[in-house]
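Given below, in the form of structure tokens, are the structures.
Here chain A shows up in two complexes: once beside chain B, once beside chain C.
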Partner chain A sequence: MTSATADSSAGRVRGRPRPLRPPGWTRFDGWGVLVLPLLVFLVLVFVVPLVFMLSRSLTDPSVGLQNYRDVFANAVYPRVLGNTFLIAAIVTVVTLALAYPYAYLMTLVGPGWRMVMMGLVLVPFWTSILVRSFALVLFLRDTGAFNSTLQSLDLVDQPVPLIRTLTGVVFGMVQVALPFAVLPIYATMQGIDRRLLQAAESLGDRPAGAFWRIFVPLSAPGVAAAVLLTFVQALGYYITPALLGGPKNTMIGELIVQQVSTVLRFGFAAALATLLLLTTLLLLVVAGRFVDLQKHLMRQP
Partner chain B sequence: MKTTRLLAIASAAGLAVALSACGGGSGASDSSLTVTMWGGAAQKAHVDSYFTPWAKTKGVTIKQDSPTDYAKIKAQVEAGKVTSGPTEVEPNFANTACEGGLLEKLPQDILDKAKATGVAESQLGPCAIPILQYSFTIAYNSKTFSGAHPTTWAEFFDTRRFPGKRGFWKYATGGMFEAALLADGVKPDRLYPLDIDRAFRKLESIKKDIVFFDTGDQMTQMLASGEAPLVQAWSGRIFQAQQAGEKVANEWRQNLVSYDQIVVPKGYPNKDLAFEWMRWFLDNPKAQAADAEASIYGPASEKALELVPENIRKELPGFPANAESSAGLVDYAYWAKNYDGVTERLNAWIAK
Partner chain C sequence: MTKILTRAGLVTLAVVVGVYLVLPVLIVVPMSFSDSSFLSFPPGETSLRWFRNILDDPVWLDSALASLNVALLSSVCAVVLGVLAALALVRGSLPFRNTIMAVLLAPLIVPYVIVGLAAYIAFLELGLTQTTLGFVLVHTCLAVPYVVINVVAGLVSVDRRLEMAAMSLGAGPVTTFFKVTLPLILPSVLAGGLFAFFISWDEVVTAIFLSGPELTTLPVQMWSGIRVQIDPTVAALSTLVLVVIFGSFTVLGLTRLVRQVARRRTARPATNTGA
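Moving on to the complex of A and B:
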């Protein structure tokens, strides 16, 4: 990231050629070797297990594509995989719709309120997902605080079914994902020079126009980061949909856990996980054709 | 770039050390036993009543792990580094894992001793002895059903007479297929092999009223809150909730008896110590009775049952009145063969 920022500042200086960099390690000026322990760590805990998992999906219980054939032989797995992507997409849209105005408001209020708003995002962020999901179950269930309040106010006759429904899953997952969207969006918005908006208005644009034409595009990197973080994270959710969802909202994570822990079909579970990983990567590649991910995530010119 | 190369070598060395560390040591000392169970209050009761007293006389250290994780057992055995000693498992796992070579075969004298001390032969396996019993009962919210409550599985499935959601354990061996077939009129002695198609048809008839739970906490919470005033439950949990003041109760008619077993994963370095404990366990009905009192799980042997105080005994599957009205024992030999296939169908049915 450091080198990326250095690059971008260098790129913005006009009229001067970019400094020539020798290839290889030396571009990190020797300090780059500090990255090595992290690389070793990542290889050990991420790359090696990933390779093991991939190979297991092709070798357990026998060598070949049997596990992948099994996934598609039973309609339930493709359907749940599709369902997983659908739920992740809904969660991403809802999260974004809530996080964007929230982050924008954070840039407008004074330092005291900003602390409060930041706290409201961070405290749940630091609380265990299991605890939060279970609290939501108690809150949202038919006999829970939400429904009994509605009923005691005579607003509804029958409790509104909120858990074991798509509403419940989305509610719970959005609640978990919000900090991951608010934080990057806020970080980007904070860096936007508001004088640009004033300049636009002084040149005759209406405030709304200035906001849409100047502020929104400039906040795009934060939004792109938020979308990626929320979406990819939502794909792997397991506890929240298991607690708040109904049978129709099963996500692929639950089936993978079941295959590993109760049926003990490690190879089949590995195949499911690999398919999830591949479809995610494929989606990122497709998204990359429409959005310049590198530009938005690395903030390179 | 001398420093670079030096650091690269250092990290490579670090990697090598880390890798070799993964490969070394089995983690078991000479006089320790790592006990793995399902966790919670029950595990504490089990360890207190039938591991600690034995360990004290032998100078053995008891280490604990929880919950039981079949994937971990399989991974440990495959990797040849087994750290789990006596492990509480479900009988269908004990069956398949024993056949699959994941578990230590028990010495003949332990099996003989088990039979001699009043353990039901149907609950013994070549790799496993039973340690506790419970029942899948019709549990009901006594506030919702203050008058009549369902007393048979047929009534449990009768959503017209007894409206409200029904809770089932989202688990193939959780008794729901047996309950559906009994509700559909299958005689208890004709239950196995299960007619899974027929069971699904019966379940389909009340599908919109079914809620599934994954854990015992969810189960009691669902029942006590009235969200699902009827639950196919684990008897002990319901009695514990009742003792804690919740308006819940067990109906023992047509209860399905189930049990957990203790096994030792293949290649456990202190397996002889584990076997020694098993002999002690079987010889000590008093310890089993103490455990039943603390955990509300029935003891493994009949001799121990007699030692449990009456107020607890009436909430155990072995209590004569409960045993008489039982619909039988869950047939885990059947489940060992059919678990994977039925689980697959259950997943598909639930997601539909």
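Moving on to the complex of A and C:
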């Protein structure tokens, strides 16, 4: 029974989900038509504004690629773009390093502890990002819980500067990103047949060897999805870096809001947003050839 | 020996990660009950003065009502559109299925900053910024994928023979949906609706773009509160928001549990006759 379900889920893991009907031209049937209201809604309220934004980036203040040239003309903006990628990469690596062993332990413990561990993952999921980032500011600032604990233990004389630093941003962003990484990794690990490990060990492999040669490769699809989702989302974070970061580690999201709200450079902000959007889509399309994103997105809690 | 050490290492790491995951809640809740007029840790004397502060300041109440209004309307829109789309995805035949799926799931991927800017640029022309309609349109987009995901998961497990039985007894498709299918998928629909509600209730980034003196939602008000001065009122508000969210999910979880137990009881004779 368990092997049958494991097999069928493993069959679905590989490649894209199979179309329910034979390939070739299909038409909307009576049920299929029901997707149209939502589709029309999303095109009008979501897609059309994005196209509008794109055209604004090419026409405001004047027609042409002026805004895109401006992004790269001043040294400040390429640095922000570089920062954004660097921070997103660091966040992804740290998140993965914490999420993988956590998810692995979830597969080892009994059902009761597993529920507790899953509950801990879902608590931040249901806590607003604003509240979480605000709480982490309170935790990390000079008079915050972290520094006052260190000082009361006489470990440091001066508070360690954490807020408005790279450490602060990464600490906050990893907190936000962790659940998004744990869930796909755990879901994939759960489907791995543990008897394969036993088989390897019975054939003489050491447990560590079996883990690295069998478990890790089999968990790769979940890891790939987690890495992709974490990185892509981290590129677009706004609230957390704005609260925990400083001028030295501004990310593109803050720059976009800044350009609209303080200097009213709509065309320029639109160009920045278009660059971010295209990067995101490019990453998804390229990585989507190797990762079945649709499956992982459809399983979000 | 190495196995024990590895296990001990794993458990330690998991404890650290677990604490890290709930850290914000551990910080905000005690601080909101602090009596001190600035945020300090440990919180010291407890009091409810910051909660009283929320009730005294009409700004908080007004923005909370605006948020409630937007969240209710958005979740209703998201549920209606999402349930229809989920039916189409599970039951129907769709040309360009992958493209359609990409559009339906895109709001999960596109950064909210971009959605907010795009909506702001488009809505300025239409006069929809700072209006309930504008907020509802954007929040419905952001929330609807969660409804679709939840309802698809519910629909997949529905036994189609129950629908066919209803149809064979003369019920039309609409009657069958409301009398048979909807009651069966109601928990998923409610879960999707609750998700939609909280995504809207909580959403800051696009709301920052759309807000203004005419209409501001609670998270945006909190956001400006945090930026201007860090004051325990925001901690108290955060606690209230947490209580509302966790309360509703607990209630939902309990009703699900009750339903599962009830279903297991009623399902037993059915499986017997089936065998």
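Please note the rule applied: the second predicted complex is superposed on the first by the 234 of 301 C-alpha atoms of A that agree within 3 Å, B and C clash if a C-alpha of one lies under 4 Å from a C-alpha of the other, contacts with A are read in each partner's own complex, and residues count from 1 in each chain.
Criterion: a contact is a pair of C-beta atoms (placed from the backbone, for glycine too) under 8 Å apart; a residue touches a chain by one contact, two chains touch by 3 or more.
Keep in mind that this is a model prediction, so the values were computed, not measured.
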Mind working out whether A:79 is in touch with chain B, chain C, both or neither, as first, second, both or neither?
first
Touching partner for A:260 - first (chain B), second (chain C), both, neither
both
With the two structures laid over each other on chain A, which partner does A:196 touch: chain B (first), chain C (second), both, or neither?
neither
Is A:30 in contact with chain B, with chain C, with both, or with neither (first, second, both, neither)?
both
Where does A:164 make contact in the superposed view: on chain B (first), on chain C (second), on both, or on neither?
first
Look at A:248 in the shared chain and tell me whether it touches chain B only, chain C only, both, or neither; answer first, second, both or neither.
first
For chain A, which side has the bigger count of touched residues, chain B or chain C?
C
Contacts of A:121 with chain B and chain C, given as first, second, both or neither:
second
Under the stated touch criterion, which partner chain does A:47 make contact with: chain B (first), chain C (second), both, or neither?
second
Could you look at A:175 and tell me whether it touches chain B, chain C, both or neither (first, second, both, neither)?
second
Please write out, lowest number first, the residues of chain A touched by both chain B and chain C across the two complexes.
25-26, 30, 32-33, 36-37, 39, 43, 137-138, 143-144, 243, 260, 266
Can you tell me which positions in chain A touch chain C when the two form their complex?
16, 19-21, 25-39, 41-43, 45-50, 52-53, 56, 98-99, 101-102, 104-105, 108, 117, 120-121, 123-124, 126-132, 134-139, 143-145, 148, 175, 178-179, 207-208, 232-233, 235-239, 243, 253, 256-257, 260, 266, 269-270, 273, 276-277, 280, 284, 294, 297-300
Inside the complex, what are the residues of chain C that reach chain A?
2-3, 10-11, 13-14, 17-18, 20-25, 27-28, 31, 39-42, 81-82, 84-85, 87-89, 91-95, 97-98, 100-101, 103-115, 117-123, 137-138, 140-141, 144-146, 148-149, 152, 173, 198, 202, 204-205, 208-209, 219, 222-223, 226, 230, 234-235, 238, 241-242, 245-246, 249
So, in the complex, the side of chain A touching chain B is made of residues 25-26, 30, 32-33, 36-37, 39-40, 43-44, 74-76, 79-80, 83, 137-138, 141-144, 164, 242-243, 246-248, 250, 255, 258, 260-266
Which chain B residues qualify as touching chain A in the complex?
1, 3-4, 7-8, 11, 14-15, 18-19, 69-71, 74, 171, 211-212, 214, 218, 221, 225-227, 339-340, 343-344, 347-348, 350-352
